[in-house]
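Labels A, B and C are assigned to the chains in the order they are written; within every chain, residues are numbered from 1.
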């Protein structure tokens, strides 16, 4: 019978058959490369360096995406901005998924008062619009990227609780779970081998979607002046700063917005591809 | 008395719209006035689709690709939706396995039933009495209270009776029943079968009864059509088919059923394999793969329904011959 | 060796609506090894509740179930006295009985792996052996459930249950959800396995014909009690309880043809409600032989002829 390695290869094979999945993966990969360029310092210019003599120049061979009102290279700033966006969103979603999925699965499986408690608490969080909640947390914590990540993570934890808990409630009632108990399997084994594999597909898809929402939230927070502070670039901050300039310096607005769009659309497509790849019943074999 | 059949289905073909797969293939049968006809088959046999077509109730993605359905001198397949609407309920009524799909959960019973009359003949002073009489006939206790109740307040068996009452309200000429008793307990099923049988005889109403349960049709219908993989494989009187089945599938099915009477317990003979999907059957007999009598002709030619004495059978080597 | 079900009562309470469901109201059965008990009844009779109690999925409120003197396992407490479970279970629905993400081979061998019933290097061959026992091709090991037909899935469920090397197999409507032409094969498989492995079966069904085909002894249940008990010949060919008689009469019988009279003489009334138990005999409201006394005296099983028990005082011997 097959082991984990072959199962992963199998899933990969199906993933590659999904057009949206492949396109999405390519887009996301591109953006990840972009982010890595920034991490390793492979940018044409220093993102915060001001070239006073080149203020508000359009795209040229020197400055591929043009310059902003301080003469800073928009291309380099975009690369750095993407890095920030991805760092924050990955940290936030890792936090939210780990916490949310654990509590969600436990709440669904154990039920009773524990389930009630977890559901009520997550309902309270759900009642707040995401951005307001994030605002409140960031305002009280601070502006460092890890504060922003924590804020977004806390805001997105309830959705992982819900996405994990719902399928567990359904799967728990299946005959094969009852039979597993009659066969004498421990709860740990049942959770690990019979419940988790049947609920993790929607969780993985949710991870991809949440990553895209987190990037938008981070952009939103920066746009509003919380989150990343100038002169550090963040895609949302760049869009905010470009507002008064857009009419005559379109490049300051278009490029950061475009990159936000590419990464968000890419992540959504990856989510679609994952959904198709992970459901054995969808495969026609 | 008119010797024309009440309903005639000729060469009916049904397939999926996209990526066309044949689901029903050249099905022909007829129902005479006052007669009860059964259609028996397993999953994928096409029995339900054939019946749904009569009232134009095919699900999305499935369409009629050939054939005619003649009722009252008209081809039902050519009628527009308004003409069909007038026939539904009024001349041809249908009852289903799940009565909840026929009943509006948020409307009181009395109102729902009156609405059926209103949408066809129009309400008159006698309508409410008509409804009450019918509810009483189908065995609903305390009719007055029932009129003011909602669907969910009734048990499964009661809801079936209500659905039957609804179907009989406009005195249709033909009642189509799609497995209405499959989900019911056995003693309740018997009550419903007795009720339907009595109501039918009282009104000299024709009936088309669809089921997978051979025991149910044994005493309910006069004639029977056995369907397999989208085609009718045997057709004729219930007695002939049950006592002297000619098609190997019918015979195999009958001998795979355990009996509930007798002193012996003979080992059941099973038919190996699974019911064939109609669209996977090429130019051959759909049952050939599972048939112990199959020969090369069966794999290369489609047997047509041929009359033998009382019955018709679609088989090159039917039982009781050669 | 035998299964003893002694004075079982089971009540379900729904807190939100304050309803009490009397699922089982005093059931007693002794079943020797190698015999098959057929339990027949309609909705609300308690047969599925009994299945859950015997397999340990639930615990009775009163009474005790033992195999060979030892109480059957309480699955929730995870207290398993031996590695091989005494009782295993096959359910009705072939679609929800198998984990859609687990390959067939793994599904069957998991119990063997977990309880180390066989040496590690022999697990694969043992799985092949089990597949062959239930008449399935060996290459199905690597397939997923959705690639199998309903009949094949039920065979896999049976193989999985046998892999645990049980003494007793509870089969709750194992063929009811299968196509008619497929049922005979699975029934014959069960009969063959019973002989090969000396299994004891509890076969639950609403289909009297299936019950008759496979059972040695039959228990007819109504509203949480057994109303008639005996050998299959006694109960089905010579039923004494009015409910059994009505049930047999109501069963569609394809050997009786063209007799519209068979549709007459139906049992009146609704399927019984375990929430509102009638006083006295649970069946008296629908019984054609009921006397005023029946509303007051709860019936107990009386032996009217050797090994044939009926819970009815109006029965003529």
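Details
Throughout what follows, contacts are C-beta pairs under 8 Å (C-beta built on N, C-alpha and C of every residue); 3 or more make two chains touch, one makes a residue touch a chain.
Since the model is a prediction, treat every value here as computed from it, not as a measurement.
Steps from chain A to chain B, taking the shortest chain of touch contacts, total 2. The interface carrying the most C-beta pairs in contact is the one between chains B-C.
Summarising the inter-chain layout, the chain whose CA centre lies farthest from the centre of chain A is B.
Our note on geometry: chain A versus chain B, Cα centroid distance of 54 Å, whole angstroms. Per-chain CA centroids place chain B at a distance of 32 Å from chain C. Separation between the centroids of chain A and chain C, computed from CA atoms only, is 51 Å. By the touch rule above, chain C contacts chain B in their complex via residues 42-43, 149, 151, 179-185, 187-188, 191, 206, 208-210, 212-213, 233, 236-237, 246-260, 262-264, 266-268, 270-271.
Those residues of chain A whose C-beta lies close enough to touch chain C in the complex are 1-2, 174-176, 178-179, 181-187, 189, 193-194, 197-198, 280-281, 285. Partner chain C is touched in their complex by these residues of chain B: 42-43, 155-158, 185-191, 193-194, 197, 212-216, 218-220, 238-239, 242-243, 252-254, 256-263, 265, 267-272, 274-275.
In the complex of the two chains, the chain C residues touching chain A come out as 55-57, 73, 75-76, 78, 80, 85, 87-89, 91, 93, 96-103, 105-106, 109-111, 114-115, 124, 141-142, 144, 146-147, 157, 160-161, 164.
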